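Consider the two complexes below, in which subunit A is the common component and subunit B and subunit C are the respective partners.
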Partner chain A sequence: MVFARVIAIKIAWAAMTLLVMSIITFAATSSSPVDVARNALGREVTNEQLERFIADRGLNRPVVVRYAAWLGDFVRGDFGTSTVTGRNVRDDVMPRLGNTLVLAALTLAISLPVSLGLAVYMALHVGRWQDLMLLSSTTVLTALPEFVTGMALILVFGVALHWLPIDSTALNFQSGWSAWASYVLPVLSMLLVSAPYTIRIARSAIRESLSAPHTRTAVLAGLSRRRVVALYAVLPAAVPIINTLALNLVYLISGVVVIENVFSFPGIGRRLVEAITTSDIETVQAIAIVMGAMFIAITLIADMAAAIVNPRLRSK
Partner chain B sequence: MIHPASPRTDMSMPIAGPAGRNGPDTIPVVLSMRDLSLSYEGADGELNPVVHEVSLDLRRGEILGIVGESGSGKSTTALASMGYRSPNVRVGGGEVLLGGTNLLTLDVPRLRTIWGRRIGFVAQQASLALNPSLRIGAQLAAPLKKHMALAGKALHDRQVELLRMVDLPDPEAALRRYSFQFSGGQQQRIAIALAMSCDPEILVMDEPTTGLDATTQARISDLLRALVRERKVAVIYVSHDLGLLHALADRIAVMLDGRIVETGAADDVVVRGGHPYTRALMAAAPRIGTANLPTPAAGASDALPVLRARAVVCTHPGAGEPSVHGIDLEVARGETLGIIGESGSGKSTLLRAIAGLMAPTAGSIDFQGDKLAPLVSKRPVRTRGEIQLIFQNPDSSLNPRQTVRSILTRPIRLFRPDVRRGDETAEIRRLLAAVRLPDSLIDRFPSELSGGQKQRIAIARAFAARPLLLLCDEITSALDVSVQAAILDLLKDLARENGVATVFVSHDLAVVRALAHSTIVMRHGRVVERGETGAVFTDPRDPYTRALLEAVHDLPPAEAPHV
Partner chain C sequence: MSPIAPAFSFDKQDTAARRSLWRSLASSGNGRLGLALAAIMLAVIGLGPWLAPYPPTQIGLGLPNQFPTWAHPFGTDDLGRDILSRFLVGGRSVILVPFVAVVLSTVVGGWLGIVSAYAQIQPRLRWIDQGIASLLDLALALPPLLLALVLIAGFGTSPPVLILSVAAIFAPRTGRILRGATQAVVTSDYVAAAQARGESLSYILLREVLPNIAATAIAEFALRMTWGIIFVASLSFLGLGAQPPSSDWGLMVAQARPYITVSPIAVLAPAAGIALLSVALNLIADALADHLDPASGQPGVPL
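Now for the complex of A and B:
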């Protein structure tokens, strides 16, 4: 079947991209064996200690061999041990990845219906005051950097109103409502930063298909307004909307770095910054690979979703 | 009163005899427009009248043609006959009566019980009028569920019956397919099945066959005649093609600037039409049957041909069959070669290969006796200027962000070393004069020009390079008939004055007949017939050429005007 073949090709491409990305990550984060050893052992070391460390870790092997070994370990799920913290990198990163994924999933789950609803509303009122007001608000929100949005939310809901925690560290040791409360402000700021863009793209795509001849055909077949909007305006506009959502998700994974730091949210974004400041190479590598794999997976899923809603892409 | 469930309660009048050209007075009127006036509301709230006091009666089982050029208000009138107005259209007065109800006073929820149920609509370009994301089955099911409350097997049977009615092959499979998996003609059949799904009394069709091949057009017309005969549906058929309406419609209304200037039985309007505009429309329409062939090009035979193609084969990447299958042709200085064929015949691909936009897979193309590089990027600048291409649609071939001046300056700078920098304006004025456009357009943008003016600019751009070979790809098919005639005359004059060799590709036989000295008929990438234009048209040897000629609705010559 053609569709299956298209998917297989896309998956093969994704795997290739991932491989290339791992090479770049490895090359960018590997420093000379001596630097690695010095970084791990501190300044006061003898040459013998350095050499033993290098030999023990296999750092004197050729770079290709080291890369292959590193990749092999990674594929088997062994992210190695941090030379800085001495802890297992996988045990360190995975719970934080879980937190970040919950954050992204909550944002997406709220953003999708809200953006789509607003976009349909705006497209049906194009040029009227409701549309113009919402449109200018989305422009302002898109222009604001995420740390400004985050700070503003902290000032209003945390400092002035005392409604919500401004620091999400509580996630580490609390459960129940107070844990969920830690999600509210980060999710809200991610929404305010990412949804306006989706809304604008969806609005113009839906607006275009609302004025397309096939929509007039449906209207002049006497179909109900709800049906016309859902099947003749939104459905044909789904491809650009899905692509925008995917881009947005990719943003959510990377924009999360800033937002997590604003709210001290215990996710991989915050961990990444910590690892960089402490030169924790193993952790940086692991997070870079995990984030890259997520980018690629999201793009792949979006491509497949676009193919499912657009039969034209499927048959190509 | 409207009863969606029993649509024909108003049809209580006796039906006396068949619909048609005989005794129309005894056949009940199903829809009646009275003094209908409509305006467009501009952004500043200003009203622009588009339809003035139009009155028309539509009788059961008749085809009423509305003919006019773009901007005449014919489509706006047709849509208003369903009670539909675009958001920026305002009703200035009058009424549209469907069985005693004025559709213009109904709100949209009430109109939805009429649209698709009592009045069906078929739009131009079915490829755009069908939903690309829904299967044909789902699109056909929607109105049947809504208006007829059909479900399950009854629904399925009705869907199959509808597709069978429009002669679509394998209806069962078609229901599961998407619109883009069908040809243009099949898509229009599906659109007609959709409009006819709930057995409406009235069908409103807006240029339903424009853009389709002549033979496809003829088959759709046959289908429509059968539907009218069997189902007694009344049809409003909007078209710019007077020849087509003469062959198809019972009555014709001629629209000009929002007014009906003439209405009557099709033959009366076409043959004895009294209004000057009708006569102008008829005079402008190129005909196949009449004489005035282009005069033979001087010295065409002895000199070296400007263009000589030998055994050219073109295969699109990924396609198995070549779209051009070994074509030979020659064009001499001052000569015009017409290439006729339907979409998919390979005629445009051949033209693209000559232009160097696509490399032929085999064969050779010589220009002025020298072998041409297959791709335009490998050809010397001089040759690029000497071979010019004019495209079908000036809307897409002219840069909307450039003024006429900058559009024309570019080829002058590129290809005309004889024009010094700073002297371009004089040359542009000369070019504008040559394409019969006023100087005042020089700083306008394409969006400020009419369709005909835009195509003249595209022609001026081609001539700016002083070409030896002009390649024209369907350059009149996006234009109104009266504009078409003027563009053809212009091209004829320019080609003669400048001694340009022209290859003119078109699916419009009459246009080729008016312009070309010799003609090639292409089908499936091969030449099925070639010869002098007169011979090809009067004495076609190939059955395909004959079928093409028969599919065209030629207008009869107009009688002398009544005083």
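Now for the complex of A and C:
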């Protein structure tokens, strides 16, 4: 069956991409055995101590063997122990991954209805002032770096108005309202950064199907406005919208790194940058692989969703 | 040399393409706005170092985190450095690093794309195209920011590492765009004519192909510059780009972040600088994209 083969090829391709990502990560970040040992043991060590450390950790094996062992540990869920913090990397990363996923889920849950609603509204008012105003705001918003958008929100809602906390550190030690308040500005930043792009694509896709002959026929046949918009304008625009949403999700994964750092949000993006600045290689590797896997998995799922929705893509 | 002097027609085509690019930039409202804004920002960044009233890295010029005064119109930062001077000097690295990276990625990616598309029309060389195309596909499937962070984690934060990482991330994207543009050109009659005349490969690529994809390449360059500035500024903001005591705008925002309630202007000034610059370049890139494909009118994919 053609469809099954297409899916199989897509999965194999995704697996290969992840493999390449892991090779790049390992090749870039794993330093020479002596450097690893010196970093871990400090400057005042004897050669015997260095050699014992290298032998104990198996650092004297060939690079390919070390890579295979490293990858094998990952696949089994063993992320190793950080030489900088001395903690188990998995225990360190997982709670933060949870926070990041909550942030992403909240963003997506709000972004989807808001972007679609705005896109329909704009498509129904094409060329009028409401549409032009929203369109130029989306132009400006897509042009701004994430950290500028985040900082602007902090300046307005945190510094000038005092409505919301200026960072998300309350998540570390508080629960209830102040914990949830910590999510508001990060989610809002993610929305402002990612939604404009979806809105623009959805607007032009919906606009196209609104001016299509089948829509005109539906209007002339006397169908209600709501029915026409839902069935004849939004539904045919599903493929470009799903594709954009997927791009958006993928993009959110890099956006989240910057946004988390703007708000000191205790997620994996923040932890990744911390780990890079402290040369915590084990943690960098773990987060790079986890985020890379998420990125590639989302691309794969979106690819398949687009293939399922669009019958023309299935045969390709 | 053949009697049909192609060099002449090449010159004419080239300037015609460029002039109409320029004209369509200047005739669209957004393009004009972008050009004006970009000119202002480039003037501020270019002249800034001469206008700065104090050395940007001198500490203790005033009290820490001082409010704006006549002596320090933007106030001072946490080390008592003059924020206005730092702002005026700090724009250079915001533009320079992405510029070098994008030039590099355009040259490398562009040649990969052109060679790939040219090899495609020759049965014996088709494997080159297939090889380059799958390499580009693979590179495009990797998460860009994550890739840059991993490379920086491994090789440090020096400007060469930064430039090479950004160029490595952008090159496959430019490569794919210019491969597409070249595919349309290499199948045309004038390329077939040049081949029939027995022109050399470098002649065909440089004089027949390159001028005809120049407009696409310029638009792609403008678009990459906007993403490049955002990308590098974000890295500097994360502390992984420009390093202290540089007054790079991205780094300035990060360093002023802890004192945002005390001296918001230290965050506001550099953030506004980056915002205006990237909006200006984005408007220009959009106008150029509209020129190439008037039907599109859609923004590029974020990274």
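As a convention for this text, the second predicted complex is superposed on the first by the 303 of 316 C-alpha atoms of A that agree within 3 Å, B and C clash if a C-alpha of one lies under 4 Å from a C-alpha of the other, contacts with A are read in each partner's own complex, and residues count from 1 in each chain.
The rule is simple: a residue touches a chain if its C-beta (ideal position, glycine included) is under 8 Å from a C-beta of that chain, and two chains touch if they have at least 3 such contacts.
Note that the structure is a prediction, hence the values are computed from the model and not measured.
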| item | value |
| --- | --- |
| Subunit B versus subunit C as contact partner of A:224, first or second or both or neither | first |
| A:281 touches, of subunit B and subunit C: first, second, both or neither? | second |
| Partner, of subunit C and subunit B, that touches more residues belonging to subunit A | C |
| Subunit B versus subunit C as contact partner of A:212, first or second or both or neither | first |
| First, second, both or neither for A:200, with subunit B first and subunit C second | second |
| Touched partner set for A:8, first subunit B, second subunit C, both or neither | neither |
| Contacts of A:17 with subunit B and subunit C, given as first, second, both or neither | second |
| First (subunit B), second (subunit C), both or neither touched by A:147 | second |
| Touched partner set for A:254, first subunit B, second subunit C, both or neither | second |
| Partner chain in contact with A:295 - subunit B first, subunit C second, else both or neither | second |
| Interface residues, subunit C side, partner subunit A - complex | 30, 138, 141-147, 149-155, 226, 230, 233-234, 237-240, 250, 253, 257, 260-261, 264, 267-268, 271, 274-275, 278-279, 281-283, 286, 297-299, 301-303 |
| Touch list for subunit A against partner subunit C, complex | 13-14, 16-17, 20-21, 24-25, 27-29, 31, 139-140, 142-148, 151-152, 154-155, 158-159, 166, 197, 200-201, 204, 247, 250-251, 253-254, 257-258, 261-262, 272-273, 275-277, 279, 281, 284, 288, 291-292, 295-296, 299 |
| In the complex with subunit A, residue positions of subunit B that touch it | 82, 84, 108, 111-117, 120-121, 123-125, 128-134, 138, 142-143, 146-147, 178, 180-181, 191, 194-195, 197 |
| Complex interface listing, subunit A residues touching subunit B | 212-214, 216-225, 227, 231-232, 235-236, 238, 309-312, 315 |
